[in-house]
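Consider the two complexes below, in which subunit A is the common component and subunit B and subunit C are the respective partners.
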Partner chain A sequence: MAMVKNKTVGRRVFNVINIILMCLFSVMFIYPYLLVIGSSFTSETSLLVNGYNLIPAEFSVYAYEFIFSSDLPFLQAYWNTIWVTAVSVVLTTSVCFLYAYALRHPKLKGKKFFNLYLVITMLFSGGLVPNYLIVTTFFRDSLWSIIIPGLIAAWYTFLIRNYLVTISNSLSEAAEIDGAGQFTILTRIFVPLSKPIIATICLFVAVSQWNSYTGPLLYLESEGNYTLQLVVNKMSDLMANLAANNTTGRIIPSESGEMAAVVVSTLPIICLYPFLQKYFITGITMGGVKE
Partner chain B sequence: MKKILVIVLAALMLFGFCACGGGGGSGGEYVITVYRERSSGQADGTQDDVVKEAIEEKFYEDTGISIDLQVTIYSQSELEQRVSTGMGVYTQDLDAVISYIGEDSGAIVMPYAKAERDIVIDLTDHIEDYPNILNAIRMNDPQHEVEMSAYVPIGTMDEADYQMRMIPAVTPDSGYAMIVNADMMRAVQDETGLDPDDYNVLNEGYKNMTFTQFEDLMYAIQDEYTNLRYPIAAKPWDLNRIFAGTLLGYYGENVIQEDGTVVPGYFTEGGQMMLDYMWKWSKDGIWENESLQVDDTDRIGWFASGLSAVYLSYPDVEYLISSMRTVESIDPQLDYIMIAPIADDITEEGQAYAAEHNGEGIVRGNLKDIKASEALIIPDHRDTDTEVLLKFIDWQYSSKENYELCLYGVKGVHWEEGDAIDWNGEQYETWVYPLANREEFTLNPPYSGKYLMLENINISNRLRGDYTVDEQAWYLTARYDFPAYDSNSTEEVWLPDITDNTIRNHAGIIDQNFVQYVRGPAWAGQGTTAPSQLLTGEYIPYFYEYCGDYLDFLTQQTQSSITYFENLWNIEIA
Partner chain C sequence: MGQADPARGVCLNYDGRKENYMKKMMRKEETFEPEELHGNAVPDKTDTATGTEEGGAAAVAAAAPKPRGVKLRKAGTYLKSYWSLYLCLLPGFVILLIFTYVPMYGITLAFRDYIPKYGLWESPWGVNGDIWYHFKTVFATYGFWELLRNTLWLGLLGLIFAFPSSIVLALLINELGNKTFKKAVQTISYLPYFLGWAIVATIVYSFFSRDMGIINNVLEDLFGVRVSWYSEPKWWPWILTFVGIWKTTGWGTITFLAGISGIDPTLYEAAEMDGAGRWKQTWHVTIPGIMPVIGITFTLTVANIVRDDFEKIYTITGNSDLLGETTNVLGTWAYSTMLGGFRNYGQVTVVTFLQSIVGLILMVGANWLVKKLDANPLW
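So, the complex of A and B:
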């Protein structure tokens, strides 16, 4: 009884310390973003004079006006990024799932070969120039240049495969006995049971594509095809340049404008995350056998 | 279900094809593709397309060649990536890359120009066929300083052949200045004896402040204004730009000494003195010891809100004018002045001079800048229109009309000639936006200037007509009245890459150690030993003992480079 009591006290102390630490960490992570939001709604002159504050010293939406009215195609880039993200999520998840579904099958012919084929891509790469040559040969200055190369992502495929092997084979065997084909087994049994991993992969792909910068930088040329991160970078560079040698007679919101661009470009992902959070948390703990 | 899924996927794919396709061109026979780095203050013009059409039309009228100019401006980081892939792909349509040139890693064209393999085209023989380019580069330059910058050594340390692998711009080499808060100067006038009106360059007969006076002023302001961040807001290299002439020191580059040997700048008394004052000022809180973390916009904010007394962040007069416009929009009541180059009364020579001249120091001027600040390289690719590109640049330089079309836009539509300015017996031309669209164009410039391949002040050098009278005076004073100090650095004379591993390793160690143990602490105001003592006491003797081969390399290569150019052009390089 005494031991149980001590354990409870000890547990309580641990919980208190844990909670305090987690709160501190939370503040550490959230505070910078709140500062970004606050700065995006602060006038440029106030930022220059007073620095960054959570609560704007002088409230202003000029930064947002500036970025949406600049010559850079911000709204077009927004749409391009939404489109690329949506298509990538659907296609990448579908393709990886299909590959993983095949790999999970115990009697797949050439299983070792297909596994190795995938593993090699995780270990080696052709390099920047060969990648560039191949992608631009088929998808020069096209949004498909960002989608297609990443369709079969080895890591996602392995994640899905590891999840699928935890689903009992007896389910698929029973369905086969009842006359179900492979497609029916896939769509009626495995897909519904795989919602957590599908949601996880969707989130990974969405975040990855939303934040993608190097691919668009290399493969996209016309402004009409630019994605959001590319435009944000260009905008940031443009504002810094204009502010350094400003002959326009108006204040260039180089600081608040950057913050506004960050807020605008991250808001959709932040809004999406709460809906997929439970699956994400479940997904990162998967891998154990559930027989 | 299967059918529906297939149809949905197919529809997605089809819908996606509408994202395909690149931008449209004007359909010229030769597509000239140029990647260039964004210059400070350069915005994309609202009517760039109009100017493009006008240029292509005029070029066709004059030469019969139909071109389609595809010039894209990138930030430095973007350009680096684009050029890296563009250079790596032999079939890529990339006709030219334009960026600034220098010794540092941000000069994107330099590694390609200096590469031993023929990544870029050797223009040495080509350039003679384009006399306008050569004339424009050589004009007003008897020492061939600009042209020298275009040559890079190809080969090893022992056998280097110089090739012209770049076409250089020609930009002004003088124009640095310093801005001081006049209110703060007045507040401590009783203590320092310095009346801002005596040093204001806008007043006739303005005086040059001596170094001692300047330092006393900074300390007095620091004592008077306890809420100051720092009296001096500047990056380290900007400090050096202003004080190199005063202290006879430029720590940042290799310099040629009187006996012809080449040493790092911090070997010289002047370079060490510069570091000593940086250390002292940083330690005493006179100069910001967080200079590498602070942004220029922060410095503008500090100056505008009275948190610093001196502003010289990138102290070129054009940038100072635009910075002060920003400062005025923050605090229109702030009183500030531009002061003339600081006079030397602190070096041995300066002290002797001051003793004989009633305390006045030697005025050598602020640092002279590299004249060829930007250059163009032409990749040696399968799909390049080299001859057409060179003809185009030659055409740009062939007349002032062509040059100004490419620099300012269509005359009468995007710009017009402003009133000429008389200054000290010389006339200076100006340009302004047309009155009908002046307000609109001032807020949103119609043309970025991107179709002018390379600036060349020998062809046209117009002042902005929208400068106020004071701004015009600042500009002309800083550019044409202030003397400019030549630090005798070896910048503009590119040396071969070091192939000897021992020497290369030594050079790497030296540089690393200098930055870590001497320069870093100097800038941060750390430690108890002055940088000059560290350098003369242990660092430099160590250098000579263990890394003398690197010094020999510097001297030998620089001397042979200079000899090469002296023979090439039959001149004597000072």
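So, the complex of A and C:
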């Protein structure tokens, strides 16, 4: 990093303006999220009168109590999302790692073919209808429909491959001569040496599954199978249904409840990413390198 | 070795290589294979990536001209030792075959009359004998051109505003002196990236809601008006573009900042000695320095002009008819038309197929342009 000392007046003015500008941008990036948090802790009646606000005019946790109550499929969706994310992380990372491992192996014959086989999928796809027809022949309204088709992604595989080629062959060759099989070499030598890239891929898969919307929208039909993104998206409809059939006369927090759902469903990622960002950054910067 | 430290890995490898080389040499006296010597046994310091891959290629080339029987026997011994590599490829291979390559064949639905009873494989070609039937239907619909116009307009707005915004933000962040402050700004700027589109849609609603939205609250305080944003289509291309910028700008800076940190510091020193101020240094050192990254990002972004962002538009507008005039795009049309029933499958396939092809052409074109401008092309 070049730190050139050049303390002219113009430079100082620029520095001050830049700092102010960056503060403004930071506020712009974070304010909408804070607004949602504030609104979620506001009582529904005050929200309807005063509108959304950063600082609750009337503090209340009713929205949180309500969304976790049994009237909404929210808790089930939370569990579904955790399950889908966990299974995807383990399976997708494994499948991509295995493919990448074979792809970088110096003795693999047909490397060009297997490379091209992957590259084509980055450039071209069948599109909505054919994908829909194929996935629905195998899975009907099942959580597996959003896990299995995504088990391998060219992008992840190439990231892993690019990392694996930086590991020298000599260790594995030595092990091979000592009579170790390919699987022993894979699990005892390459996996331990690839921990950073494995962490990176796991995080990418986790975030994309946690936030995925189109797949669940297309393939999950029953409420019991909804994921968080779907529930948040359909929250206003669900709330409207509850309000229409409201026999007990209690307040249905349709606005604050929606905000509370947003907060609860994003909390794990928002709390974790500041500590894990270096792994994401490794992945992104490695991907920017030309193959 | 348990610790994931590349430096230690290299160190270990170096020792391993020595031993390995000795063993290879000992073994060589029993079975001598020329490609072994050429490819792997020669202790080459720059061996890691290029060396061995060339070795593999050489092995294939050397195996080619031998007589058939020998070749088969060699294939047998090869498979005996390396069959497990193909086992590693198998899961990924099968998944891609079923869920990516079979759907690619499904593009033929654009030329066929889809009948559920016959399915993807046996539906007859052409509708009433006309293979271009679905194409003609799509082009003859007035709605298609409106969808195309909206798609291209939104895509262009994204290219013009969202693409440069990451570069500008990266340059500004780079000028920050205080490391802690810099880090904080970066971390905060990544936040929107981690929110899914359904979440973002709810946040957008909290800004633009007619009765409770922040924007209307401010407008009412200042001018005493409330705007029904969700029934005013003319604003939405701009709102969608702004939301896109908000969500991806911070995350987009990562590649550019990595590119900036890779620039040789002596270039700045030289520029300064030539009397270049900070602005000139940015213009003549930093920007040329990240030109390769800009080139790659540009190539990838251009393809998105026709591949609209379905999730973003569908969740934020809720596919509302009131806003459809500007926000109905090819992607949202494809989704709702597909739900309309199997008779529409042909048309939808035509549209998504054209999107895919045109996107690919645009990407190739952008890459050509980048090459022409002598910045680093994608391939």
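Points worth noting:
The rule we apply is simple: the second predicted complex is superposed on the first by the 213 of 291 C-alpha atoms of A that agree within 3 Å, B and C clash if a C-alpha of one lies under 4 Å from a C-alpha of the other, contacts with A are read in each partner's own complex, and residues count from 1 in each chain.
Please note the rule applied: contacts are C-beta pairs under 8 Å (C-beta built on N, C-alpha and C of every residue); 3 or more make two chains touch, one makes a residue touch a chain.
Because the structure is predicted, anything quoted here is derived from the model rather than measured.
Using the contact criterion defined above for the overlaid structures, shared-chain residue A:214 touches subunit B and also reaches subunit C. Residue by residue along subunit A, subunit B and subunit C are tallied for touches, and C comes out ahead.
In the superposition on chain A, A:222 contacts subunit B only, with no contact to subunit C.
In the superposition on chain A, contact of A:232 is made with subunit C only, not with subunit B. Once the two complexes are laid over each other on the shared chain, residue contacts for A:173 go to subunit C alone; subunit B is not touched. When the two complexes are overlaid on their common chain A, residue A:266 makes contact with subunit C while staying clear of subunit B.
Of the two partner chains, both subunit B and subunit C are touched by A:132. Legend: residue contacts after superposition of the two complexes on their common chain; A:80 is shown touching subunit B, with no touch to subunit C. Where the contact sets of subunit A with subunit B and with subunit C meet, they give residues 47-48, 51, 128-129, 132-133, 183, 214, 233, 255.
Across the interface of their complex, subunit A is touched by residues 1-2, 4, 6, 9-10, 12-14, 16-17, 19-21, 23-24, 27, 39-40, 47-49, 52-53, 55-56, 59-60, 78, 81-82, 84-86, 88-89, 91-93, 95-96, 98-100, 102-107, 109, 119-120, 169, 172-173, 175-177, 181, 184-185, 187-192, 194-199, 201-203, 206-207, 209, 211-214, 216-217, 246, 250-251, 254-255, 258-259, 261, 263, 265, 267-269, 272, 277-278, 281, 292-293, 296, 310-311, 315, 334-335, 338, 345, 348-349, 352-353, 355-356, 360, 363, 376, 378 of subunit C. Those residues of subunit B that touch subunit A in the complex are listed here as 1-2, 9, 12, 16, 19-23, 38-44, 46, 72, 75, 77-78, 81-82, 84-85, 88-89, 296-298, 300-301, 304-305, 314, 318-319, 322, 325-326, 329-330, 442-445, 464, 466. Residue ranges of subunit A in contact with subunit B, taken from their complex: 45, 47-49, 51, 71-72, 80, 83, 87, 90-91, 94, 128-129, 132-133, 136, 139-144, 147, 183, 187, 214, 217-218, 221-225, 233-234, 237-238, 241-251, 254-255. Subunit A meets subunit C in the complex at residues 1-4, 6, 8, 10-11, 14-15, 18-19, 21-22, 25-26, 28-30, 32-33, 35-36, 39, 47-48, 51-52, 95-96, 98-99, 101-103, 105-109, 111, 114, 117-118, 121, 123-135, 138, 148-149, 151-152, 157, 165-171, 173-174, 177, 181-183, 186, 192-196, 207, 210-214, 228-230, 232-233, 235, 255, 258-259, 261-262, 265-266, 269-270, 273-274, 277, 280-281, 284-285, 288, 290.
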